[in-house]
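Here chain A shows up in two complexes: once beside chain B, once beside chain C.
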Partner chain A sequence: MNKAKTFPYFFAAPAILLFLAFTVYPIIASFVLSFQERVAGEYVFAGLKNYTRLWNDDIFWTAMQNTFIIFVVQVPIMIILAMVLANVLNNQLLKLKGFFRVSFFLPAVTSLVAYSILFSIMLQEEGIINTALSYIGITAIPWLSDPFWAKASIIIAMTWRWTGYNMVIFLAALQNIPEDLYEAASLDGANKFKQFFYITVPQLKPVILFAGILSTIGTLQLFDEPFNLTGGGPADSTMTLGLYIYQSGFEYFDFGYASAIAYAVVVMVGILSIIQFKIAGDE
Partner chain B sequence: MRKVIGRVSFLLIMMLVLGACSSDNSSSEGSAGEGDGSGKKVTAWAWNINVPVLEEAAKKFKEENPDFELEVVELGREDVYSKLTTGLQTGGKGLPDIILVEDDRVQGYMETFPDAFVNVSDKGFDESKDSFPTYKTELLSKDGAMYGFPFDGGPTGVFYRTDYFEEAGVNADDIKTWDDFIEAGKKIKDATGKAMLGLDLNGDDGLYRMMMTQQGTFYFDDEKNVNFTSEESKQASEKVKMMKEAGLVKDTVGWDAWISAMAQGEVATAPSGAWLSGSITQQAKDTEGNWGVFKLPAFEEDGNRASNLGGSNYVITSASNNQDLAYDFMEFFSTNDDVQLTAMDNGLFPTLNTIYENEAFTQEVSFFSNQPIWELFASEMNDIPSVNFTGNYAIASDESIKAQSEIMNGKKSIEEAYKAAEDRLKNRIQ
Partner chain C sequence: MAKNLDVIEQTTNELTLAERQQKKPKRKKKKLKAVWMYTLLSIFLVVSIFPFYWMFIGATNDSSKMFTNPPTLLPGDQFMTNLTNLNESIGIFRVLFNSLFVSGLYVVIALAVCASAAYVLAKYNFKGKKFIFTAFLLSMMIPYQATLIPLFQMMSDFNLLNTYFAVIAPQLCFPFAIFLLRQNFLAFPTELMESARLDGASETRIFISIVIPSMRPALAAASIFLFMTQWNNFMWPLVVLNTNDMYTFPVALSSLMGLSYIDYGQVMMGVTLATVPIIAFFLTLQKQFISGMLGSALK
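== the complex of A and B ==
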């Protein structure tokens, strides 16, 4: 009897302890840290100073704005692309399905640094992309040195990396849509496009929400692409919250301030997730 | 009974898990030198070409101290800083005895973590102070005491393609001022179609920093006031802008693009620190014999042509349990001519001035058209001005690069951009 009661806890214990040590403790510690500053090598309580500074920090707001622009442009493009790809790859008529699926998913598992370096080489002023564009008569685009195009480069890189990942999620969900829905629709004379919009999309709604939230969190934490590709430049035009947290902590040694930014991100992730749930309705 | 067994095993599991964490801790502390009790092992963190130099030095040091053992952990440069920052943040846990830190970073650590590094003046290093250029010893000093060992330096020069210069009929000896440099750039562009130099206009301000140092100042003046709106800053920025507007600049984003522009012969010059010689010798092998070096042009005729870019130092961490041995080794490392000559073989330019008379410095280097380039760099060492990096270098550098970027993209004038950068910087470091 007793044994049966305590038994599950043994199995849960390691996971719980690790969770306490590596998730709960850092969450609490960084919260405390966000109210502290370093004076002559010692941490002292600083009240709301880090947060008021955050409110007045132009770079923070620029980073917010950049993150928001990237979010608004990139996430919809990626989700729609992923959905379309998933549908195409789910098509019965398509040959070599496995090959295509792997090819699209591959970017998600490549090394971050390797892919960023590749992109930065390709996006150089005389890089392969501009060379290719010149053949179709488009003049060289300053991919990494112009504020607008630098953002575009980040969006392209992120889309390349994460579309396949989201596509796999959608592919899995597509398997769960009953075949008879499509059958009934085609009997009623609905073409492929109508089927997509009136059956596939509504059926995928919970998954779209899930992918949307994951991407939202991912975008708010965006770090690798700007860090490796643009360093936040030119002139902060690709500075993101994740990169600013890193710089404040590890380059400017201001861990208290970095923690304050991190908590601002947490609050925003929370708010955005609630909004998404509300828009999606249902549960 | 079962209940007891249950609780005991629950505790055991907890101990296992926690034990796994804590044993991790003690083993990393072990690397801080308290070690296995023998007390003869010293650990160091360094990157890249510094590693073989340390190892060679340890071999030599061992001849006198047979028990001595050095463990060099090779890490990436950025990783060393991340780990050092985290280690200091947690009060010195997991840090090794010796760490390599670059010139531009070291004051940041000394200010933010005042007790981080061992005071080497207390241990007697002041005796050797005269063997190093003042700009180096001042960099490592706080309240009159030194907290590190000067190692390599980056005396500057303009690396240039002798063949392009010849084709355009430009004589490198005639380039005395930055204006001459720009004129030469235009000629070379006309004759060869090549850009004069590669710059990462939105990501790095190396040329501006060299020009500031050359004029005896930096992001901050001697009193630590922000210096962006100074006359020196304006002059430096103007020259960079003139180069850009004359079409002499190839925008190379990042280190790799910059080096490959040299390797592929797309640029005619590269103003940089002496350490660049190592990189081009290795990565632009095909261009052997087509390179030369001249000193940075001055701002006005007969002005100062010595400057510095980059360089590094070794520090002993206060967390080390083996400070005396680490000190003995590092003192040997820093002041031994043979060790510093191995550093040179590895492409690092030593700041230990007792070796400049060595024949290694007068030898002709075939890659550089048989020019004795080391002699040229060594001749600068006493003229390199001391500048104030301060603990806020990283933030200042961020603002400086932004200002440069805004100027080069035509968004703001030099005055506007640096005024704005100065205001922002003052705000950020208050």
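== the complex of A and C ==
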């Protein structure tokens, strides 16, 4: 029996030790670091200096704003598209379901760097997308050189990659909704539209919440796309918090300041997750 | 009798006729709906698939062909040229080896670490269990960028920069994988463990020869999830790796775009090579892949 008591600790030990060394320690260390600055090669306590600098840093606020805009525009578009596709694919009359599902999921298996680079080539001034648009009478769009369109490019690329992924999540959840709920509703005279809002959406709430939180954390950490697709430009119009942390830390080697930005992100993820849980109710 | 039957048959016929008449407009509506559905799906299909096709066009054509009007829509004959040029720029075989080695080794170790922790968290009662599990869960909310700088300093202090170890180590304990596996282990019948115990099997033995074999689908899904995480990992390898021969595929690809002269044929070849193996892997293991990538969302 003694053996049975020590066994769980023995088995969990590698995970716990790795967790302490590579997660817990860095989280604490970067918190400490966010209150330090480098003076003559040594890190010394600097009080709130990094945070007051952050507060007055235009690039930080631009990055916040960009992240917010990308989040507020991209996530709803993606979730709605994913929802529509999932509902269509859930239709019993549809043939080739498996084929469509796999095809829509395909973008989600591409590497983040590869698809960002692919889009950066397709979206060039004389790239395939502008060429295609010219056939329907749209003049060349400055996708990567205009602040507005650069954000749009990131949003389009992200939507391309993630819609199918979310669709499959929704599809799985749709198939778990009991059929008799809809039967009862149609007996009560509810039309398809009402059924969607009064049955489908509430039943999918936990899944939408899950997708929402994943997207929140994902957007706040956004790095691969702006780094490879737009380089954060033009004029910081696609600078994100993730990219700014990287630049501060590994281009300017200001570790204290980079840690302060990182902690601002931690706080935001926390707040946004709490808000999302509150909105979704306490299930 | 016969008359009665006739009457019944007639009435049923009448009913179906009446029904049919009612259903006719409905059927038309259904047809319309089907047309609408397939149109919508086809549009999305083209949008989803076209970039892959374009990537292939780019990989087999000369750099300049990607910016012509009318566009080049057929594969060209520059496949070998692009491949050779790409190899000269980044050393594809070395880079592919790095990525495969790092991802493969990572999956093996991380799976062992995560599965054994998930198992005891699901099937045993011990002091501190709840605390450990909550800590794992909470850490999932923390953006990894918050750990980036101390991790870098740590690797630098131990002289581990530019090593495979540095790439792999920080994410070996992957809370999301632990969470996913725990959910699956919870469903394993405890009675089976009890009876094995009565037969004198040790706890380790029970885990290795009874639990693990029956958990293959879950372990496969977790492996794919871990593999994809490492294969796609970009920011961390970018930070800790600093020579061409150690670069993983994403880092090498990205470095191509930083050159003063960008050969797009080469780049597209790189994008193709980074994408095709994963797609092939996905198409053969669709089910495990999807459940692996979605994690516990499917449960």
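Following the convention adopted for this analysis, the second predicted complex is superposed on the first by the 273 of 283 C-alpha atoms of A that agree within 3 Å, B and C clash if a C-alpha of one lies under 4 Å from a C-alpha of the other, contacts with A are read in each partner's own complex, and residues count from 1 in each chain.
One rule holds for everything that comes next: a residue touches a chain if its C-beta (ideal position, glycine included) is under 8 Å from a C-beta of that chain, and two chains touch if they have at least 3 such contacts.
All of these numbers come straight from a predicted model, not from anything done at the bench.
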{"item": "Overlay on chain A: chain C relative to chain B, clash or fit", "value": "clash"}
{"item": "Superposition-derived comparison: chain B or chain C, residues of chain A touched", "value": "C"}
{"item": "Chain B versus chain C as contact partner of A:R38, first or second or both or neither", "value": "first"}
{"item": "Which superposed partner A:A29 touches (first chain B, second chain C, both, neither)", "value": "second"}
{"item": "First, second, both or neither for A:I117, with chain B first and chain C second", "value": "both"}
{"item": "Partner chain in contact with A:L18 - chain B first, chain C second, else both or neither", "value": "both"}
{"item": "Partner chain(s) touched by A:F250 [first = chain B, second = chain C, both, neither]", "value": "both"}
{"item": "Touching partner for A:I274 - first (chain B), second (chain C), both, neither", "value": "neither"}
{"item": "First, second, both or neither for A:I80, with chain B first and chain C second", "value": "neither"}
{"item": "Chain B versus chain C as contact partner of A:D58, first or second or both or neither", "value": "first"}
{"item": "Touched partner set for A:I138, first chain B, second chain C, both or neither", "value": "neither"}
{"item": "Chain C-contacting residues of chain A that also contact chain B", "value": "3, 9, 14, 18, 117, 120-121, 124, 249-250, 255"}
{"item": "Complex contacts: residues of chain C adjacent to chain A", "value": "30, 33-34, 37, 40-41, 44-45, 47-49, 51-52, 54-55, 58, 66-71, 112-114, 116-117, 119-121, 124, 126, 129, 132, 135-136, 139, 141-154, 169-173, 175, 178, 202-204, 207, 228, 231-232, 234-235, 239, 249-251, 253-254, 256-257, 264, 267-268, 270-271, 274-275, 278-279, 282-283, 286, 289-290, 293-294, 297-298"}
{"item": "Footprint of chain A on chain B - complex, ascending", "value": "2-3, 6, 9-10, 13-14, 17-18, 21, 81-82, 85, 89, 108, 112-115, 201-203, 250-254, 256-257, 392, 394-395, 398, 401-402, 405-406, 409, 411, 424"}
{"item": "Chain B contact footprint on chain A (complex, rising order)", "value": "2-3, 6, 9-10, 13-14, 17-18, 21, 38, 40-41, 58, 117, 120-121, 123-125, 142, 144-147, 230-231, 233-236, 247, 249-253, 255"}
{"item": "Of chain A, residues touching chain C in the complex", "value": "3-5, 7-9, 11-12, 14-16, 18-19, 22-27, 29-30, 33, 84-85, 88-89, 91, 93-94, 100, 102-115, 117-122, 124, 126-128, 131-132, 134, 160, 164-165, 168-169, 172-173, 207, 210-211, 217, 220-221, 223-224, 227-228, 241-242, 245-246, 249-250, 255, 258-259, 262-263, 265-266, 269-270, 273"}
